[in-house]
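Two complexes are shown next, each including chain A; its partner changes from chain B in the first to chain C in the second.
Our next item is the complex of A and B:
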């Protein structure tokens, strides 16, 4: 397969080493961190309005977190060796240390918080279900079925404490991904101390957008009424954080343009040619400015519930696409230009290979399957909760 | 009182078991000599040193293949060691009668060094093999040990120039 090259590339730059799977890695970890931070909002800052999404956000974070290492495993090959990262830790390798960041976040934060929050439900289920299901819940109770007032209160306090630890951990998790790119000093497209910060904010944006969309879709599927107050609140957060994210990225851009170091002409040319569609059109125009304007409109104008819901759905989808494009432009864009600043190569994505498009699509579907299982196992919504919305209300059916 | 934190104690026990299991596994799996010199198994050095030598070095070859040495001296490939093309041949050098080097596919071997690439020094002879040879093996025209092709004017009997 001949790779089209323009100008001068060093031989080892012609073929991209980091494929679309490495695009998925920051994208998926970002969703984890973002979803968790949304959940923490409710818990730590006691934002009652977003409560309906609290558990859904936690489960979403877990589902995506379970998939997060898979792109790396597939990219590197030899998944059986990944344990060695823990057995013989390599302290001078940023990537190897990510294993510990990941493990900490999974075991010490997310699983604990979910377990404590669901313990009451798990105990109840272990007593009301039968067969294999019962066995699963029995194991999950760890053999203690005490759900007295006091024990639940203790869980609540401990859960709060874990959430407080969890927020910096979520920042660490995704900030670390940004750091892995930002610390590659040989690559001017990545090397920037702002990278971890931009990554965290874009992570929050994408995570909140995904939980918002999942909330809307799951509520429709369950034929319940969407809690519009909750939705408004989430959209408001999305809007604020998106504005911060966008200003940070613009600051980064301003800094680069004014500084105009030796890499600038080359990178500028790349943005105007190879990255024009994915960076300017998809990421900035469609994926950032449009959703910000749409969300801004819902803040200024007083629109009907239906229109707002439609706008939120549209803005949410655009946001997720935009953040995906951002990861793409960071990872792929950073490999398209030569270190000599004299040439550009092309990324040729394979289809049905280990690192091809098909694998990437599968990896993007997988978290939703995990989420489905988790939702079946640990329903995030109160079962006997809000009255079924259908029946009396003919307004049902709007998105 | 204890009853209300019993589940947490159990959780702590599960975590402790996991940690102990990890520590045990680490003690069992990580090789003794790991980290002796660096982030690798110290014993690996001795093991690698004990492996049989694969490359003999061109001095060894030249002791027997004097004719090839003479030929090579006349061309620029004099600087290229035998095993850069023929591959590791220590076994052959030890026992030439029973181990014979495999025949080379020049279309592959020569392209490894001579395929045109803008990153190579300008002065290095390089060709776009697809255009230059059109899929033919290089040793149809070039004699591998003395690759320069004499001008047709000086055509000699078929023993020279072409192999």
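Our next item is the complex of A and C:
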């Protein structure tokens, strides 16, 4: 397949190395980190208004985290060797160390927190259900069926402690993804100390937006009333964090324009041509400025509940699209220009190949299937807690 | 030894197994080679390069480089006037078949490129499993039996020297013909260069003419601001070269 090239590329540069799957990787990881940060608002910072989304946010984070390594795995030339990254890691490699950051976050933070939070429900269900369901819940108890008041109090304390550790861990998780790109000094589009910070804030933005949308959709599907106070509070946080995120990105842009180093002319040309639609139109205008303005309006105007809900839904969708475009522009944009700064190549996305569009769509749908299973298994709704078994004490936050 | 029918039947399967390895080429040993006594580099004398492409062809043949990928290549620069920041550069098929005569006036010159075998190489730094490494004699190599094919090293190389071999799905680059230089030979590209524009150099060997050359000529490395400790030295390199 002939790849259109403009100007001069080093001969080995014409073919893009990282495809749409690598776009998904920071996008999905960002959703994980953002969803967890939203969950921690209630647990650590005691923002009671967002309580209805606490468990949903945790399950969303888990569903996306389970999918996060798949695009990487599918992208590898030798996926069968991927475990070597854990067995014989190269300590100077940002990518190798990410494996451990991921494992830490999955095993020590997210799974543990969810298990502790749901332990009472799991134990009750293992006693009140029958057949295969009972077996599943029995396995999930991990042999711990003590739900005495003292035991639940320990769960609560431990859960709090894990969330406190979880916040810097979530920052580490996605900041580290930013570092994987930001530390590549050969690529001026990526190489920036601001990259991890921008990644963290954009992660929070996308994660909060996704949980907000999921909360709205799931509440509607369950034919319940949306807690507008909860939604207002989430939208308020989304607005504030989005403003910080946008400011950081603009700061980075301003710095680049003012410095105008040797790469600037090349990057500037790229933004005005190949990345114009994805960066300027989709990411900045539609995916950043519009949702910020919409969310800002809800902060200053007195709007009815229905109008606010519609604005939140629209802003949430635009935000997620905008953050996806941002990941696209970082990953794909960073490979479209030559390191000689004299030419540009083109990304030709295949459809039904291992790294094609179909695979990417499947990987984007997969977390929602996982979430569906998790929600069935561990209902996150505040009004869906199990009836306590005789002798069991009511636990926090489940009724 | 008498070859009986029975003995022949026993020997045939063993010979069949062995033949595969005979065909693949038994690795030669280099008993007198001590890695710690060498520190390999290369000198490119730009004014001597005529852009014939012999080096690119020799490299491709010696190292079984797949079509469309390059362990080494040649760029032709054309600088018309004072605009050295915007040179016209071309490298059709990596310069493998040479270059058509230039129709434009001004300054034209050829720049052979290859892996810079950096002492502080960003590609080895980022490899998640250490499949690419710097040998004690200063050559950056890739262990293709260990490489994951994650392509991080390709991204990290500032010089565009790496690619993913579509046959092995692993990272590949110039090995400085390590299989040759450890046996006292020079690299395939240096061997065929008709003008001596490429010279293999051993920086640890005090008798190597490179030392005299470096003392008496204005020599540069590519992209020195990258601080990679590049060991491919260019003599007579124009400021327009990227």
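FYI, the second predicted complex is superposed on the first by the 377 of 399 C-alpha atoms of A that agree within 3 Å, B and C clash if a C-alpha of one lies under 4 Å from a C-alpha of the other, contacts with A are read in each partner's own complex, and residues count from 1 in each chain.
In this text, a contact is a pair of C-beta atoms (placed from the backbone, for glycine too) under 8 Å apart; a residue touches a chain by one contact, two chains touch by 3 or more.
Quick caveat: nothing in here was measured; it's all calculated off a predicted structure.
Aligning the two structures on chain A places chain B and chain C in a clash.
Using the contact criterion defined above for the overlaid structures, shared-chain residue A:2 touches neither chain B nor chain C, since it reaches no partner. Contacts of A:10 after superposition: both chain B and chain C are touched.
Of the two partner chains placed by the overlay, chain B and chain C both lie in contact with A:88. Of the two partner chains placed by the overlay, only chain B lies in contact with A:154; chain C stays clear of it. Within the superposed three-chain model, A:119 lies in touch with chain B and out of touch with chain C [touch as defined at top]. Once the two complexes are overlaid on the shared chain, A:78 sits against chain C while remaining clear of chain B. Counting the residues of chain A that each partner touches, chain B and chain C differ, and the larger count belongs to C. In the superposed model, A:304 makes contact with neither chain B nor chain C.
In the superposed pair of complexes, A:186 makes contact with chain C only, with no contact to chain B.
Once the two complexes are laid over each other on the shared chain, residue contacts for A:143 go to chain B alone; chain C is not touched. Superposing the two complexes on chain A places one of the chain B stretches 5-13, 59-67, 95-103 or 113-121 into chain C: stretch 113-121. Common to the chain B and chain C interfaces on chain A are residues 8-11, 88, 90.
In the complex of the two chains, the chain C residues touching chain A come out as 69-70, 73, 75, 85-91, 93-94, 113, 122, 125-130, 146-152, 154-164, 168-170, 226, 242.
Within the complex formed with chain C, the chain A residues making contact are 8-13, 15, 17-18, 72, 75-78, 81-82, 84-85, 88-90, 92-96, 99, 183-187, 262, 335, 338-342.
The part of chain B that touches chain A in the complex is made up of residues 3-8, 10-11, 14, 22, 25-26, 29-30, 34-35, 39, 117-119. On the side of chain A, the complex with chain B involves touching residues 8-11, 86-88, 90, 112, 115, 119, 141-144, 146, 148, 150-151, 154, 158.
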